[in-house]
Amino acid sequence: MKMKRLDLIFSERELDAIIKTLEKANVPGYTVMKHATGRGPERVVTEDMEFTGYGSNAHVIVFCEQEIIDKMRDNIRDDLSYYGGVAYISEATPL
Amino acid sequence: MKMKRLDLIFSERELDAIIKTLEKANVPGYTVMKHATGRGPERVVTEDMEFTGYGSNAHVIVFCEQEIIDKMRDNIRDDLSYYGGVAYISEATPL
Amino acid sequence: MKMKRLDLIFSERELDAIIKTLEKANVPGYTVMKHATGRGPERVVTEDMEFTGYGSNAHVIVFCEQEIIDKMRDNIRDDLSYYGGVAYISEATPL
Amino acid sequence: MEINPILQNVLAPPVLFFLIGAISVLFKSDLEIPAPLPKLFSLYLLLAIGFKGGIEIQRSGFTDQVLPTLSAAILMSLLIPLIGFLILRFKFDVFNSAAIAAAYGSISAVTFISAESFLESQKIAFDGFMVGALALMESPAIIVGLLLVKFAAPKNRPKSRKMHLSAILHESLLNGSVYLLLSSLIVGFLTASSNPSGIAKMEPFTGQLFYGAECFFLLDMGIVAAQRLPRLKNAGSFLIGFAIFMPLFNAFIGVFVARFLSLGPGNALLFVVLCASASYLAVPAAMRMTVPEAKSSYYISTTLGLTFPFNIVLGIPIYMSLVNTIIPLSPL
Amino acid sequence: MEINPILQNVLAPPVLFFLIGAISVLFKSDLEIPAPLPKLFSLYLLLAIGFKGGIEIQRSGFTDQVLPTLSAAILMSLLIPLIGFLILRFKFDVFNSAAIAAAYGSISAVTFISAESFLESQKIAFDGFMVGALALMESPAIIVGLLLVKFAAPKNRPKSRKMHLSAILHESLLNGSVYLLLSSLIVGFLTASSNPSGIAKMEPFTGQLFYGAECFFLLDMGIVAAQRLPRLKNAGSFLIGFAIFMPLFNAFIGVFVARFLSLGPGNALLFVVLCASASYLAVPAAMRMTVPEAKSSYYISTTLGLTFPFNIVLGIPIYMSLVNTIIPLSPL
Amino acid sequence: MEINPILQNVLAPPVLFFLIGAISVLFKSDLEIPAPLPKLFSLYLLLAIGFKGGIEIQRSGFTDQVLPTLSAAILMSLLIPLIGFLILRFKFDVFNSAAIAAAYGSISAVTFISAESFLESQKIAFDGFMVGALALMESPAIIVGLLLVKFAAPKNRPKSRKMHLSAILHESLLNGSVYLLLSSLIVGFLTASSNPSGIAKMEPFTGQLFYGAECFFLLDMGIVAAQRLPRLKNAGSFLIGFAIFMPLFNAFIGVFVARFLSLGPGNALLFVVLCASASYLAVPAAMRMTVPEAKSSYYISTTLGLTFPFNIVLGIPIYMSLVNTIIPLSPL
């Protein structure tokens, strides 16, 4: 079975919105890793942000079929272009 | 050199069992990230689970050769189908 | 657009050096996840290392173009062969 | 039943902080106590309550009441899951019924702590050995739950692995929270008997800090409980009713047992609260491991989302009224 | 202005620990307080200061000074961002100007706490209701900042989404830190009025522990501030000047308002410190959400990297001198 | 040597909690204190012990004993790694020998704290300046270790990078734990000399809470040590023997030095414990950085898995007997 892996990295504060988008597209599941830091074209996110009002990043992994990704592409792009963050797709084969 | 990347996501409580399986198959190494949350076909795992008796998820990454994956495929599938979780393989080239 | 995904896993204590290497190669961004544990050919890194002077691992993800990877390959290999750790490249398509 | 004790209970800091946490979820505030901070308070409370209980037991010695009370506590934690199982079987399969029943047979340490705080604010005495009952009631219900699955489940559980008795015992007796509570009790006991100066040095940590730490933890529990509540909708009205009815029913049995044991009002309340409370620490851990067929949201959402808040806010003063009504009656 | 009070302030444990943290970054020590430990102390300090403030308010009752002072506090947090905005517009676009101005109109709870510690060490009295001012000054500046964007920004913000008033109010009033402070204040008030025995039981946690926890948190704040400082270089000298000048300017207005309100020296200092401090909790959270066009490093690096250390180390004693100079003058 | 003091030591809460932690691993309980909670307690203990030590030093002033004792402490931390190196070279290469030797020349703050608790429970006096010895003994051993590598290692270390002296000094003197201990000592000193009211306000945090926090941390150390123990098997019997013999040997030298310095029994015990304990904070950090050829499991597993528990449980009372036997003898 051909499957895709979608990696999303963005600010923790947008997590609820992104998960809503995932759920609306009926993803079979997702995994969230919080407390990620990093740098993007717009911002540096460091660990000390966690206690300020700013928060750090979340890394979300979704294994799903291409068509589900197609369904949610626009919504996710929209969120990420507004608030920052990255989204990449790669191939993944179930074990 | 052609290498594979194996991503395993499952409940932290099964970590010892999975690592035993990895070691038995002689993986060259593995990386564990705990405190992952998420949703799968069976369960929602949230951060508050960490202090209840339920625990959160672990994300294990293994870079290894295909034949090692073949060796442990059945054991891992067995564990994951019993307790839940996902396992995906993708291509990876050493830097 | 063809993009690469670079996964680096190494001891947290080398994080500053690695990030300096990334910045020098002008990566468009990177993501850091700390508190990873694991085993490699040389060392076992467990959670209790976090409070000892030894520290745990960092997992760094970089999405960038092949030529940037080529620029920093030698520096990263150098750091990782001295202190331990792994680096793998895979394909990634922007969403 | 007067309304006064309920209001008085609600206006105590721990309950107020619990409500604050719950309301923050209602109002969608981004107040958050990130992991593993709740674990810190959870470990601390278990350690402190065990330590203090151990000291009290050493000080009061094994009075006549100790053995009968502890035996009755264990009996209750064996009996309640059986009753719960029979009720739940009307609606659920063997796996879910056993898992939920085990949760209600076991106990919640934080509910117990809240009851102690309630008694202290009402200046009603209670004994340290009741912590022993707390420690002893966590495990037996797990064993009953697993035995129910073993004997009542269809012979060839498709997903099942062999359930070794040793694994069952290990899960139930060596669960982190059970272990920490029991061993802190032993440390308290040993300290009191051989090293009394150690008690005074521990007092600021295990004693003075306790109430505040309890408040902080209940703030988090309020958040957790309120996040769980909406998920109960999927559980259906039967289970929602069960999550309120079962504690009341258990309390009712408990108060008569307490009367039979001639417990004073303080110990009686604690006994009743142990019967009425449900586990979200040891039992989920054990059930997930051994009965993966059961839906975890059933046993976690009911205990955390409904039974726990009900007990903290309304249950404890209700049980106190019950104790005050039933216990003074002429002996059975 | 004598040098003595500054030195005395610097030699107090909280400020010393702040400096230790900052110096550790300078010397590239690997001293680190990993997340989420700073969050623990941040939550604790908000809870404790709110709780104690609530008790004080209940005890002293609503004196004549309370209402005027709280009103003036809110007014100041509406006025300061307007002034700041006008100044910042010389160099920055509407988005950045509004976001930075909002930060300076809002407050820093830890600066307030440090001022309280300073007053205590100087044995100068102050009133609990000033915590009310702290709680009330966090949100209005956010609303002003967002309204400034709404009205002054080019009509078609390319990246913008519609800014609903409800979302603005939600961000400003239900931010985790605002919510915890305000609700702990209410818990303190209710406890003092209906359950006074609860106060003594909370005291070791919210009272005795406070000073030490403040020191520990300031150790971390020193690390954070010193890590931020170098990033200010990119901000340019205008913003660096602003980060020192604006608190002084706000303090100057504040001290005259305090005199007009006939506040005693203790309350006056706290009032001035609220005016002079800038937010790094509620405001960044709100601005990131609603004004993503603003560069976060501007409003975070200035408040955390420069204004906060300035206030903690030099500002508070300077403001005290200011209060001692201006307040005793013949009435306005 | 009587058995009594050992039993008395084992029955103190900190040691009991250490054993509880270790036993939980033995029984495979899932008790766990997740990161970064241990770091919180580790930072707290360093801060508190430094702060209290600084106060004591200011209070007692620099007596005649201070300078000779501190000098002897530094000497010991230079001498011990040399001896250790010579012994270890029988079995290990230069890299491993130097790294392990450095660990044993350095100290363990928690072992020191445990010795203080032991003295307090035995009502034996000791001086605050011994914390100065603790702070000063952490770094020199690292420098010796690195110099040993520099001069004894084959000229062309294949994996090596140039070892700059500045990097060595930085690693040894600005390691987070060394830095926090030393700077807290300075804060304590400054507070005591210029701001004595600050001491009383810190006391609940740094003083009263200390014993309980020590117990909690030792609970975790018990878990960590017991997890390390099985890995020692790979280390071989030579290293296992070394991990027990070396502390005893160092204690033996230490007690004669203490006698030569005319230290009282309390200070003498602390001095001996500093000699006998081995580092798992500063040294592993430095060795990993500068001697990557050394196998970290050797120097971490021995110090944490064997030497630390040995010292905590058996070592301290044994050293006390040693002190009581050797010190009262007629002067050297």
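Quick notes on this one:
Labels A, B, C, D, E and F are assigned to the chains in the order they are written; within every chain, residues are numbered from 1.
Heads up, the rule we're going with is that a contact is a pair of C-beta atoms (placed from the backbone, for glycine too) under 8 Å apart; a residue touches a chain by one contact, two chains touch by 3 or more.
It should be emphasised that the depicted structure is a prediction, and the values quoted were computed from it without experimental measurement.
Chain centres here are means of the Cα atoms, and by that rule the chain farthest away from subunit F is A. In this assembly, the chain whose C-alpha centre lies farthest from subunit B is E. Per-chain CA centroids place subunit B at a distance of 33 Å from subunit D. If you average the Cα atoms of subunit B and of subunit F, the two centres end up 38 Å apart.
Per-chain Cα centroids separate subunit A from subunit C by 20 Å.
Shared contact sites, meaning residues of subunit B that touch two or more other chains, fall at 13, 33-35, 47, 50, 90-91. Taken residue by residue, subunit D touches two or more other chains at 30, 34-36, 39-40, 175-176, 204, 208-209, 285, whereas all remaining positions touch fewer. Contact residues on subunit C toward subunit A in their complex (touch as defined above): 3, 5, 28-35, 61, 63, 90-95.
Note for the complex: subunit B touches subunit A at residues 6-7, 9, 33, 35-41, 47, 57, 59, 69, 73, 76-77, 86-91. Only residues 8, 11-13, 16-17, 20, 23-24, 27-37, 40, 120-121, 204, 208-209, 211-213, 215-216, 219 of subunit F touch subunit D when the two sit together in their complex.
By the touch rule above, subunit B contacts subunit D in their complex via residues 11, 13, 35, 43-44, 46-56, 81-84. Within the complex formed with subunit C, the residues of subunit F that make contact are 34-36, 38-39, 42, 159, 161, 175, 177, 220, 223-224, 227-228, 231, 279-286, 288-289, 292, 296-297, 300, 304.
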